[in-house]
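In the two complexes below, chain A is the common chain; its partner is chain B in one and chain C in the other.
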Partner chain A sequence: MIRVALAGNPNVGKSVIFNALTGMRQKIGNWPGVTVEKKEGVYKYRDVEFHVVDLPGIYGLTAHSIDEKIARDYILKGKPDVVVDIVDASNIERNLYLTMQLMEMEANIVIALNKMDLAEQKGYKIDVRKLSKELGIPVIPTIAVKGVGIEELKNAILQASKVKREPYVRYSDGIERYIELVKSKIIENSILPNYPPKFVAIKLLEFDDEIMREAGIDGEVVEKWISSVS
Partner chain B sequence: MDFVSELAVARYEKIGEIVGKCVERVEKPKTFSDIIDTVVTDKYVGIPIFLALMWAVFQFAYSVSAPFSDAIDVFFSWCGDIASGIENSYVASFLSDGFFGGWGFVLVFLPPIAFVFIALTILEQTGYLPRAAFVVDRAMTKVGLQGKSFIPMLLGFGCNIPAIMATRTMEDDVDRKITIMVNPLMSCSARLPVYVLFAGVFFKEVAGAVVTSMYLLGILLAAIMATLFRKFIFGGKPSPLLMELPPYETPTLRSVLMNAWGKTLIFLKKAATILFIGAIIMWFLTTHPWDATNGGELIENSYASMIGHAVEPIVKPFGLDWTAGVALVGGFMAKEIVVGTLGMIYGVGEEGVADVIPQHFTPASALALMAITLIYVPCLATIGILRQELGSWKWTAFVVAYELVLAYVVAGIIYGIAVGLGVA
Partner chain C sequence: MRRLHNLKPGTKAIVLDIVGNSTLAKKLLGMGLTKGVELKVVRNAPLKDPMEIEVRGYSLSLRKAEAENVIVEVREK
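Take a look at the complex of A and B:
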């Protein structure tokens, strides 16, 4: 059984893709402890069973809103085999912001580049192959409302489940210096060893309450770590 | 160094770099979406357009659904008539007044509710609702709410239950709490039959305006209470609204119907349980003790009458008598029950109520009853959902308490003004 999570901004056609993948075989419940709807479903592709969880629609992965926290916790702790990141092609810049954060989490991502028709109408010409190469992530163009690209997406999910990829994102040198520094401290002190160290480093730099609490580290420690850079 | 914004900048830099390599943008003339947006989100015409659309939604829902409601009403009256012919008078009364009468008055509300959901789903799926939130954000912020409070408030006109559940999209906990707490003041469709009945009887030519003013009163009170809660209980400021405006899209029939059906199902479940049980309880209370009421004939001797007389002193200042008392007690369960209960008490069924109520109400007391129905305790199901979403009995009790007090005060003021103006 391959476990797949669907992530994406609100209004990108996430539930259309969820329905297209799972058909009628779905179950609606609540995320544990909170009253946010949780949709789950299963499908079979080439004799492999896939279990799909539809994460709440989110713009980022901070711990500020319940929805973002649910999505983040699920990816970090539930460790799904594949995360399908649904990106609205007609609004690609804003949508890739979440993609960057998913990459920081080293999730095994497949991008469904949805609403390709709308993007074209808006005058965007997207070189899908190049985008895939730049990101280091498989990118499948889709028009979910018309069912275009769903088979290809299923295939890409299957392939991704076989070869676990850990995407790597490198930001500008200015900020990477800090990330690297904190990362080395994290590895040195084996802080939250179950999470990707780069992700923990970024979250500590962002003074993320949740991660700081889990790591048992406060802002002062982080400040001290990075003081040597400046 | 502020790493939250530094990292955001770094991410966008990276995105810009990638998009620059892979995406070409051909300048196209303004899209249809852009043109619509310049109009509907305009500072001046945005709000009038929004109000007109809302009016159209309700107009559409109620006019299209009327024949369906009539058909349902006719069907259950017919069933009731047949059942009343049964030999055993106890069974006949139970079946015709309790069982079929109960289902009838519950299900007549199904068509208007289903059509409101359909209309709102269409607005939602075309992409207009986020614009509406944007348009009203400024006004919302003034009263201590936020643009995102708007959709839950709007849904409150249909039913407060899905409305309160819709607050889950709000990030800020205080914004969300305030939105939940004032939501029951948005006049849900269950209260409409009460307005329609009383406005129709007492304010014939201006009935529409009276009904609309009840909705406006609800909105006004919600604004006042939200301001007070923000100022005296929670403090702080509404969080700024950050929202994308998705491009307009043509909704598909299938997704509109599926979505609206899902919401209607929530109502149906409530109808099948609380409303129906409520109707049976009201039948029991109005016909028992069976011997004393002579099989439901002498309502004055029933339990309902006893309850009504016990409540009467409370509502007497507004010119209301025991019959209104019983109806309001019934309304605790669900506000739909108010009209049905009056029908049972007067022994005339839903249709005949209009002829009888002038004997029990004056125009001024009718206004007071409408206001009380609008404001006092949210129905049982809403209390349940308040508890679930506020996560505490304390806050839930607070909502019920403030609404009871507010209902009393506002009804008093309205009755006083109406009498003063000589409406009575």
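Take a look at the complex of A and C:
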């Protein structure tokens, strides 16, 4: 069984895509310990069974709100086989911020570029192939409310589940040097070995409270590490 | 150099800096208020709390306490 998670900003048509994928076969409950709704469903495509979890709608993965924390924990700890990132084509710049964060987490992403009709009405011309190439991620244009692109999306999820792709965000040389340094410290001290080391390095450089707490490292340690560069 | 919460509806401005505590700064950066980005004040609620701005092609509502931490340069009124 292939485990799929749906991620996306609020109001991008995530529920519509969830329904289009799973149809009537859904279960609604809560995320453990919190009163945030958890929707799960299953579907079959080419004799393969897919289990889909609908993550809360979020703008980022900083773990500042309970919704963001749920989504981040699920991707890092639940390690779904494929993460479908639903991007609102009519508000693409805003939406790609979450995409970058998912890439940093080295999730195996498929982008559903939804609301293509609205984007067109706004006069946007999106070069889907180029976007896919630049990001190194499959991008499937969809108009979920009309069912357009759902078959293609199912196929892309199936293909993605066969090859674990690790997207890569490259920052400027200066920042990459710091990331490399912190990453080597993380590996040396086997800090949070179940998480991608580059992701942990980036989060420590951001002084992310949650990751610092989980790693048992405070800002001073990170400061000391990075003081040796430059 | 001015703070965002002081701007009147219709004003366009460029973000110069985000000040204040890092949690809030990260949240604002995450909402797209990065250095150099252009924004426009759309309207204010009574007492300017919250205020609505347009940034990166979408509408964003900010509390006065949040907008205070955004340092801007006015472009046109």
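Odds and ends about this structure:
In this text, the second predicted complex is superposed on the first by the 229 of 230 C-alpha atoms of A that agree within 3 Å, B and C clash if a C-alpha of one lies under 4 Å from a C-alpha of the other, contacts with A are read in each partner's own complex, and residues count from 1 in each chain.
Everything below uses one rule, namely that a residue touches a chain if its C-beta (ideal position, glycine included) is under 8 Å from a C-beta of that chain, and two chains touch if they have at least 3 such contacts.
Owing to the predicted nature of the structure, the values given are computational and were not obtained by experimental measurement.
By the touch criterion defined above, A:H64 lies against chain B and chain C together after alignment on the C-alpha atoms of chain A. Contacts of A:R94 after superposition on the shared chain: both chain B and chain C are touched.
In the superposition on chain A, contact is made by A:V145 with chain B only, not with chain C.
Legend: residue contacts after superposition of the two complexes on their common chain; A:F207 is shown touching both chain B and chain C. Of the two partner chains placed by superposition, only chain B is touched by A:L118; chain C is not. In the overlay built on the shared chain, the residue A:K130 is in contact with chain B alone; chain C does not reach it. Which of chain B and chain C touches more residues of chain A: that partner is B. Legend: residue contacts after superposition of the two complexes on their common chain; A:E220 is shown touching neither chain B nor chain C. In the superposition on chain A, the residues of chain A contacting both chain B and chain C are 64, 91, 93-94, 97, 206-207.
Against chain A, the residues of chain B that register as touching in their complex are 1, 3-4, 6-7, 10-16, 18-19, 21-28, 31, 127, 165, 168-169, 171, 244, 246-247, 252, 388-389. Contacts from chain A toward chain C in the complex involve residues 59-60, 62, 64, 91, 93-94, 97, 206-207, 209. Note for the complex: chain C touches chain A at residues 22-23, 26-27, 30-32, 56-58. Remark: chain A residues 9-11, 35-36, 64-67, 90-94, 96-97, 100-101, 118, 121-128, 130-131, 134-135, 145, 169-172, 174-175, 178, 202, 205-207, 226, 230 touch chain B in the complex.
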